[in-house]
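Chain nomenclature is as follows: A, B, C, D, E and F, assigned in order of appearance, with residue numbering initiated at 1 for each chain independently.
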Amino acid sequence: MSDFPIPEIVAELRHVRAQWRGQQGRTDTAQREFPSRDAVARAVDALKGVLYPLRLGPPELRQAGEDFYIAHTLDSALQALRTQAAIELGYRARHDGEALEGEALARRATQVVREFAQSLPRLRQWLDADVLAAFHGDPAAHSVDEVVLSYPGVLALIHHRIAHVLYLLELPLLARMVAELAHGQTGIDIHPGARIGAGCFIDHGTGVVVGETAVIGRNVRIYQAVTLGAKRFPRDAQGHLQKGWPRHPIVQDDVVIYAGATILGRVTIGRGAVIGGNVWVTEDVPPLAHVTQASVRQAIATPPDAGPLPVAA
Amino acid sequence: MSDFPIPEIVAELRHVRAQWRGQQGRTDTAQREFPSRDAVARAVDALKGVLYPLRLGPPELRQAGEDFYIAHTLDSALQALRTQAAIELGYRARHDGEALEGEALARRATQVVREFAQSLPRLRQWLDADVLAAFHGDPAAHSVDEVVLSYPGVLALIHHRIAHVLYLLELPLLARMVAELAHGQTGIDIHPGARIGAGCFIDHGTGVVVGETAVIGRNVRIYQAVTLGAKRFPRDAQGHLQKGWPRHPIVQDDVVIYAGATILGRVTIGRGAVIGGNVWVTEDVPPLAHVTQASVRQAIATPPDAGPLPVAA
Amino acid sequence: MSDFPIPEIVAELRHVRAQWRGQQGRTDTAQREFPSRDAVARAVDALKGVLYPLRLGPPELRQAGEDFYIAHTLDSALQALRTQAAIELGYRARHDGEALEGEALARRATQVVREFAQSLPRLRQWLDADVLAAFHGDPAAHSVDEVVLSYPGVLALIHHRIAHVLYLLELPLLARMVAELAHGQTGIDIHPGARIGAGCFIDHGTGVVVGETAVIGRNVRIYQAVTLGAKRFPRDAQGHLQKGWPRHPIVQDDVVIYAGATILGRVTIGRGAVIGGNVWVTEDVPPLAHVTQASVRQAIATPPDAGPLPVAA
Amino acid sequence: MSDFPIPEIVAELRHVRAQWRGQQGRTDTAQREFPSRDAVARAVDALKGVLYPLRLGPPELRQAGEDFYIAHTLDSALQALRTQAAIELGYRARHDGEALEGEALARRATQVVREFAQSLPRLRQWLDADVLAAFHGDPAAHSVDEVVLSYPGVLALIHHRIAHVLYLLELPLLARMVAELAHGQTGIDIHPGARIGAGCFIDHGTGVVVGETAVIGRNVRIYQAVTLGAKRFPRDAQGHLQKGWPRHPIVQDDVVIYAGATILGRVTIGRGAVIGGNVWVTEDVPPLAHVTQASVRQAIATPPDAGPLPVAA
Amino acid sequence: MSDFPIPEIVAELRHVRAQWRGQQGRTDTAQREFPSRDAVARAVDALKGVLYPLRLGPPELRQAGEDFYIAHTLDSALQALRTQAAIELGYRARHDGEALEGEALARRATQVVREFAQSLPRLRQWLDADVLAAFHGDPAAHSVDEVVLSYPGVLALIHHRIAHVLYLLELPLLARMVAELAHGQTGIDIHPGARIGAGCFIDHGTGVVVGETAVIGRNVRIYQAVTLGAKRFPRDAQGHLQKGWPRHPIVQDDVVIYAGATILGRVTIGRGAVIGGNVWVTEDVPPLAHVTQASVRQAIATPPDAGPLPVAA
Amino acid sequence: MSDFPIPEIVAELRHVRAQWRGQQGRTDTAQREFPSRDAVARAVDALKGVLYPLRLGPPELRQAGEDFYIAHTLDSALQALRTQAAIELGYRARHDGEALEGEALARRATQVVREFAQSLPRLRQWLDADVLAAFHGDPAAHSVDEVVLSYPGVLALIHHRIAHVLYLLELPLLARMVAELAHGQTGIDIHPGARIGAGCFIDHGTGVVVGETAVIGRNVRIYQAVTLGAKRFPRDAQGHLQKGWPRHPIVQDDVVIYAGATILGRVTIGRGAVIGGNVWVTEDVPPLAHVTQASVRQAIATPPDAGPLPVAA
């Protein structure tokens, strides 16, 4: 006899799952229904090696073997991605009542992944610009290689640029999984839908949030805890959130946004503007403007006068 | 000869450890003294598969095999958890001078883990409500499955709901380890003691801190960098922190707390209230109230007038 | 025939890499050019076991075997670290045009790693003080062991104290990799160059940023989302950032800095001062002073009067 | 430049493969063509755990969890086996010009594996008889459990009994792979086609060979290096070997065959007969007969008379 | 619905197991009943590294770190062995109706493993003699290191010498598992009870069988497929095999036994004797004698006269 | 205190190792002295995938990706082999008192491995002939693919053909390690020095021994337990074995050698000859001859007359 009432708990869990599936209108299936987080993570790790073989690939790799490594790793990663893409396409088709399966599904998945693959060289170029931006923008950076090897902002952008292509190719679930892998690792939460120009540098990065419809120009610098968010969530007549409309900021080229700044709504931050730390922006900012917090009054007391102090812990 | 003075360093480290153990009043033991982080992590991963087998379990699983997978995985995970629970119970008994060991310790650990196991179906129900809340609360969410597969807020709540049961069953160390596994992964730091109602949605989540005695009602929505913290840390006559008294906020049903808001102390945020971004709250808020930052003055300057700009990097 | 145009993509990627190497003035080499993140991660994990064998070492370890475990693990970790140190030293020498290779390089790497090794007992002592500070500073802490096993602030400090020694020994790249491993895990971003006294407690920690030239005294307490940053980034005549000059705060002994506070520039926070939550500091603070946000006006409206609410999501 | 002419070697290997495929009349395919040895090995290991959970299953298993372990492990192993079975069935159909693919192939594989699964309880009964036979037949055996845990003859029979069912279900390639896994491990080479009654004991076993059409009764004991082989390989008019006809011995119940004996051709060894060590048998042996080598003359010489000695090394 | 009737098969298997346990008089237990093959294999691999650190230990080991590696590896391996020893001792006590459990069992296991540990330096000395014997006895051997790194006879003797100590310490099941690990790898089947002097060389080895009560002197050389077996298996009044009495050969110092020779029963092969290939010996052989097969008549026919040829395949 | 006297045992083992190193004239070194069995095993597994990508490579591989897989796997395997080759070359140079190190050693290793690599296409051709020979020679073989996937004789020949090239390139230690990996897996012991023509088929194989100077022609078939051995081991004036002289048989084209046959010394088995099972040959056999055991007298007795029967167990 088990020390634990396993069969009873299994039955109760089955019951709860049946409730859920009933509510969600799910039917039984013998298929794999959902992409696998582990499979996606392995594919993305392989693609990181394909993009930066000597710095993010296997330690034993040398220059002479780069192309062999890339060809095989790319081939394997694309096969794996195609499998996951077919799962997502099939899942969506099933939920949308479309008839996409068998050969047609396989062809569609192949086509989508082929387009993805062809974007990789361009991605590497954009990422190289990001790396240079980080090197030139951080007084603590010793070399471009240190940047690729250890800067979380670069890691987040590698994931984002991959995720964004998947998003454009209408694989939003895979795209989101790729983005969340970076979010978990870096604390930088960029929605795959966001459009980010080359030469982007996100420093420190923890707490950065960039929304789905945000647009960021070239050579933009962003510090930790910056939010590019929505200001309102309008609902339709049935009370459901309206999805997909432009609700996040547009940040033009050469803007700098310092730590903790919050920019909300479909506002435009003009070219070359600088947004100071902790500033809260909900309206357009003209090009080249410097926005800072007006000096906040602070109370400085010295004991014994100091009363109880509000703490945040 | 080694290139490194290993024996000397080993001896010095032994000396430092002996100092520490002396200070802490530790005695020698042949037992395993501390739960293993890896063992706890494996058990929690297994429990995630038990709760959401097709989405968080192994990729090769299909509906037809769910119950077999759950029964075996649950049995193994509970055995493993019992081992770790016995270590914590023994550790606490030793430090409290209680006589709990051998058979009695094993029985106690079994009983505690059995109670934990019986809570799992209810946990899944609460988590399903959390998932629906996320789906309905985020305009970027495409499906409930995307939410389970990739939303950090859901991951944090799965861990929290497990950790909270362990906390109630007086396994605070295991509970904390479970919570920190989610904190490390998501940047969401919920103390296992916090009571959180069903239908909770934590969006983005990085930087969220929820304190030990916080109470959160049903259908509450929380954005990134929100703190539900303590306002004061009173000390007793000996100067030691007083532990365990209610010092964190009560958040009633249907409240929304936007990003960066800080709520401190045993205040009550009334049902349906909305706390705006970056707001600092140290007093009660009435039901249905909307609290926003009064408009902060900002200084906008355009070059060449713009002087040196304070940055936060 | 492959479904994907692998050879074409490989060729394009080769072309982009060649461009990059051309721009960066790189020459071909048969050497391993960059330290391996995985190798560094393994070495640091081993060193954590060396410092706290029963709590952070392998689960099957018992007191009786501690020294054997430490000696072997230390020996292996130092060998591995030496390999990575030699790669970094060789990389730097190559980029600086110095002639450091072969035997000379090996000797230098050995010497540096030997010095590193000798610092470990002192590190453990400092870390013990950090652990006690956490235990005494957090009302939710049940035991010193819970602190070592699960507090992210302690994890971040273990990494930092290791990284700082590597930084002082002029291995900035390895140091940064060690720091980023903790940043990814905890959301606490401490530059390896920062000097931090014993008895430091970082609670919750997500979003903490401590800059390269920051100096922190003994027994300092820091909460989540605190920034110790730079205020300006001066550039030289060529428009390049000036590197290495003191640009981050000095925090004296016994200071407490509450969540979300931002302290910028080479200011001094005097001994025993307390900086309140969310406060923005760009000037010196005298010893024992308490700095708090002057009460910010808040607008509280109750429906139906409440207009559209700015949200940050 | 690589130190090795990789592209040239790759091209030459491609050429050799093309030659082979041309000779063998192979066409290109995008399918997986061959079962995977690793997948088969994992499935068989799982089945060994299903048959003997406490002795050959995972070390942490206890009696209370046996059925949960078996149900899940069996389900997974059968899924994996079905995948491999479908590959073999598809491979054979392709080579035989049959139209078996898609749904029809999947159904056929499922049906075959279902029949296989249903044979498992009977297999365990036969194997229990084998285990008892080993225990009673070996003066060195201390317990039935030692026999299951460590006797190569039992391992070989577990594999054989699984392989034989696969052979009967017309999966000869999977059957052979299962058999060879045991051959590699034990040196006992039993063709999956051989029919072996319950209560079989193969002691030591290295070098035992049992041919495809051999028939072995109940309670037969066989020692190392025994061959039950064919005597002739007739060829057809085209000079091809005739396949499938009965060409190996029939060994009736209760026979004992000592080490090194060779029995060739479709002869019958009658019930209860004993075949002595190293004996060469090519004719029927009556029931209860004892066949021994007639004493071979040996030359014993003592130095200095001993000349050069033929050695076999 | 599963494609496979899992619950039915699980039930049938449970029924068969219950039958077996009934027949064997087993009672239910919550304990781990049997040593784990994998755990034993890991411990033996560790001990091989302890005995020959640079040649059989981890590839990254260097001379300078040998003692650290040995101390830690030995400590771990002995802990693991003690766990398995306690399982075997408990198992035997349970089956013998002895009361050995809890503290007493732990003490007994510790004592036995301590004695085992103390034998290791002597084992290494004997094994060094074996290695030299192989080097001097094989014209194909290039170095003593090649012998340690690749000769199966040496591997078999390392296992045997470990297994024999376990056998003497009354852990016959662990001993057998150690022996079978070598048998599976090398095809050399030495019962742990056999006594083998230093300087033994087993060349090629496949098919060698050495029985439980065999005694082999110093500097004996043995080739492949040699059997040192029993001649008779007497049974007692109840028809059970008599266990434990001396029934295998005594081989004195400096004997050479060529390939395929079979020596049966408690005979003595005198010092310095040479047994030729394929010879069958069932009587004593005097010291220094050379025993060879008297020339066997062979039939040599040339086609077309050659009739059908008996084959063994 | 440890339960085991670890430091004492470590000291004794150190003492024994010092004795050994003293006897063997070894000096201390900081180098890796010996090739790593695991590294060699990994390289050979990779080469098997290079030679037979779809059948012995990774299960997920498809025809379209073969060349990418081969190029990368070959490049990695050759790098790894070069590392091991350099260790062997350095080891031999050190023992022979040659000055081969640093750059010169690296160049030599590269050159040797390059020559090895260039032999691979030819090896595949020879192996294809072996596979066809097995298919045509075994009535139980269903397809050429079954032969590659599961025949131990083919596995042994893949290893042998690789090992033989290494042997010719004067890497006898690596060659031996490659050969022993197959010996352990298949029980077929072919010395790397043996020359074996294309189209060789070794059936069953357990116990086959082929000596260093054996020469085997094309299309030779060999069954289990066949020995091609030496007849005498002459010693030089100092009593040391003479190494390297031709002492094993020459087997010409189209010969068949049935199970258990023993052929000793530098004899020649003429083209097309057939050697029957268990035959003992120490003289030349003319072409096309059939050699069989003259019929051995056997004693057949039936109980109750049957006396005690010699057994070999």
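In this text, a contact is a pair of C-beta atoms (placed from the backbone, for glycine too) under 8 Å apart; a residue touches a chain by one contact, two chains touch by 3 or more.
These are the chains along with the protein names UniProt gives them: A, B, C, D, E, F = serine O-acetyltransferase.
Note that the structure is predicted; figures quoted are calculated from it, not measured.
**Student:** Which chain has its C-alpha centroid at the greatest distance from the C-alpha centroid of chain E?
**Tutor:** Centroid comparison gives A as the farthest chain from chain E.
**Student:** Are the two sides of the chain D and chain F contact the same residues or different ones, given that same means over half of the numbers occur on both copies?
**Tutor:** Under half of the interface numbering overlaps between copies: different.
**Student:** What's the farthest chain from chain C if centres are computed as the mean of the Cα atoms?
**Tutor:** The chain lying farthest from chain C is D.
**Student:** Using the stated contact rule, I'd like to know whether B-D or A-C comes out ahead in C-beta pair count.
**Tutor:** A-C
**Student:** Just curious, how far off is chain F from chain B if you go by their C-alpha centres, in Å?
**Tutor:** 58
**Student:** Roughly how far is chain A from chain B, centre to centre by C-alpha average, rounded to an integer in Å?
**Tutor:** Centre-to-centre distance between chain A and chain B: 23 Å.
**Student:** Between chain C and chain F, tell me the centre distance in angstrom, where each centre is the average of that chain's C-alpha atoms.
**Tutor:** Taking the mean C-alpha position of each chain, the two centres sit 53 Å apart.
**Student:** Counting only residues that touch at least 2 other chains, which ones in chain F make the list?
**Tutor:** Residues 2-3, 6, 30, 60, 62, 64-65, 67-68, 71, 74-75, 138, 187, 204, 206-207, 209, 211, 224-225, 227, 229-230, 233, 259-260, 262, 264, 277-278, 293, 296, 309-313.
**Student:** Applying the document's contact rule, which stretches of chain F touch chain D when the two form their complex?
**Tutor:** Residues in contact with chain D: 50-51, 54-55, 59-60, 62-64, 66-67, 70-71, 74-75, 78, 82, 110, 113-114, 117-118, 120-121, 124-125, 128, 136-140, 142-146, 149-152, 185-187, 204, 206-207, 209, 211, 224-225, 227, 229-233, 259-260, 262, 264-265, 277-278, 282, 293, 296-303, 306, 309-313.
**Student:** Would you pull the chain B residues touching chain C in the complex into a rising list?
**Tutor:** On the chain B side, the touching residues are 2-7, 9-10, 12-17, 19-20, 24, 28-39, 91, 95, 138, 172-173, 176-177, 179-180, 183-184, 187, 189, 191, 193, 203-204, 206-207, 209, 211-212, 223-225, 227, 229-230, 233, 240-244, 247, 258-260, 262, 264, 274, 276-281, 285-286, 288-294, 296, 308-313.
**Student:** So in the complex, which bits of chain A are touching chain F?
**Tutor:** 60, 62, 64-65, 67-69, 71-76, 79-80
**Student:** Using the touch definition up top, name the residues of chain E that touch chain B in the complex.
**Tutor:** 1-3, 6, 64-65, 68
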